[in-house]
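Structures are listed in the sections that come next.
There are two complexes below, and they share chain A, which is joined by chain B in the first and by chain C in the second.
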Partner chain A sequence: MKWNNSTLIKGEPCTAGGETQATAGRGHLLAGSIQVARTLLEHDLVDELRLMVSPLVLARGKRLFEDGSKTTAMRLVEAKPVGGGIIILTYRPAEK
Partner chain B sequence: MRVVAVEHLTLDGVMQAPGRPDEDRRGGFQHGGWAQPDNDAVMGEVMAKGMANGGALLFGRRTYEDFAAVFPGQKDNPFTAVLDNSQKYVASTTLKEPLPWVNSTLLKGDAAEAVAKLKEEPGKDLVVLGSGVLVHSLMRRNLVDEYLLMIHPLVLGSGRRLFVDGGAFSALRLVDSKTTTTGVLIATYQPAGPPGAKTT
Partner chain C sequence: MVPMRKLIFSFNITMDGFIDHDAVIADDELHDIASELLSSGDIILFGRVAYELFAGFWPSAPADKTLSASVRAFANVINDMPKIVYSRTIESVDWNTKIERALDPGRVMDMKTQPGRNILLAGGAGVARTFMKYGLIDEYRFLVQPIMLGHGKRLFDDERARQDLKLTHTRVLGSGVVELVYAT
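Moving on to the complex of A and B:
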């Protein structure tokens, strides 16, 4: 890997994420990476979700939550307007 | 009059059947009533203010028929008197006058055209509740002056959405935000430019 401190996760990201999480003991921050995010959400492997909601209606483009997403109840931990009309929303799974 | 769209949404943007399981089962929708558990005093106050500020209400045919079947005659429901007494405009190409609920007026012909005319009249807000098909037609014509979105902490994965692919691009301004005790974000947005201005 060209960038230092990078580790390639081979195979199924859900299994690898679980393993590194168990061994490293520290959190993993996933930035963007919509496909990995969807996979982890599908497998209940996301402990915290931070959404930055912009005041725009685009009416096209990829969605984080597509039709067919798993039905999930969340808990709102924080809602913070940060200027420019953006709100940062922090959610955790409802049962955690 | 200003057009204010008041909508319950999930995190994935679904607006279908927030109130009751049998409210709207189109497309085999199984999650009806998803917004109910999140009701609290904060939301009640926002809804009461939105509905009872002396303005009129605007409905699409489907939401109107649903409300007309549920609210009139409910003695313990604080919203019943407000809804009964409010002037209600109903956009429909199939309903005929007289409409079944008191203080209801049918908007005939093209809904967006009729609402554009209503907006020119003086008066307080014209509040739209639910009414997805109607709101979509108003959005396409830049006729919505404010969105009051109640965003519930829930992903459903199916159901009709408020903001659909292929709809109108729109830059908004966040006017206000608050949260309920149940984790619902209540966000108020207005178009960033003057009403009717091109936003691209």
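Moving on to the complex of A and C:
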């Protein structure tokens, strides 16, 4: 791994995420990977979810939210239109 | 030129994209918004399953004193409005309803060109997909519910042509429901 400040974690992201989350520091930002996001969601490791909702209906594509995961009540923190018909919806789990 | 009446599809959807009647936070504010929307129209369209769900509850709701004033006000609005149910199998209806045995897009287009107030499509998902397929919907009103449901039925579940929409209005409700209005 060559990119500055990167840590390679092999194995389950939930264990590693829990460990790094427990250490002192500022927020962790998950930048991508649907698979990593799903695993973190499934293990209650996501404290805040920001969805950018685009104004289009797609024919096909990848879904972030799969059928078959558990139910979590959320709290809306903010709904912010940012231009171009996009709105950012920020949620936190209701329990957190 | 008189603007054509709009065909509006309003529906509750969870933040992860599922449709589930039981996951909806149906508080007074949501009912007030629904009453306001119905009052902009003069006819409601249903598929059979959604129709039977509604017809099994709302006719007796105005007399139910355990319901809030907002819910009973909504009941009065919806009970008074003319309705169409699309169904091959339903045998008889009352509740101010006409049966259409098939969804003929030409007939819907005719209805849209006649003078009148908005046409409101109340669901469910199956009939809504048919309306989408024929390009009959002028406005979507998503009521995004603050729940990650994790499983269930989806509205957008089949292949379709990409469709760009225009976000025309947003509103945040006290419950954390976000109303997103899109024009096609």
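The working rule: the second predicted complex is superposed on the first by the 95 of 96 C-alpha atoms of A that agree within 3 Å, B and C clash if a C-alpha of one lies under 4 Å from a C-alpha of the other, contacts with A are read in each partner's own complex, and residues count from 1 in each chain.
Note that in this section a residue touches a chain if its C-beta (ideal position, glycine included) is under 8 Å from a C-beta of that chain, and two chains touch if they have at least 3 such contacts.
The shown structure was predicted, so the numbers you read here are calculated from the model rather than taken from an experiment.
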item: Superposed partners chain B and chain C on chain A - clash or fit; value: clash
item: Which superposed partner A:85 touches (first chain B, second chain C, both, neither); value: both
item: Contacts of A:33 with chain B and chain C, given as first, second, both or neither; value: neither
item: Touched partner set for A:69, first chain B, second chain C, both or neither; value: both
item: Residues of chain A that lie at the interface with chain B and also at the interface with chain C; value: 51, 55-60, 63-65, 67-76, 79, 81, 85-87, 89, 91, 94
item: Chain A to chain C touching residues, read off their complex; value: 41, 51, 53, 55-60, 63-65, 67-76, 79, 81, 85-87, 89, 91, 94
item: Interface residues, chain A side, partner chain B - complex; value: 51, 55-60, 63-76, 79, 81, 85-87, 89, 91, 94
item: Residues on chain C engaged by chain A in the complex (per definition of touch); value: 15-18, 23, 132, 144, 146-152, 154, 156, 159-167, 170, 172, 176-178, 180, 182
item: Interfacial residue positions of chain B with respect to chain A in the complex; value: 11-13, 31, 139, 153-158, 163-174, 177, 179, 183-185, 187, 189, 192
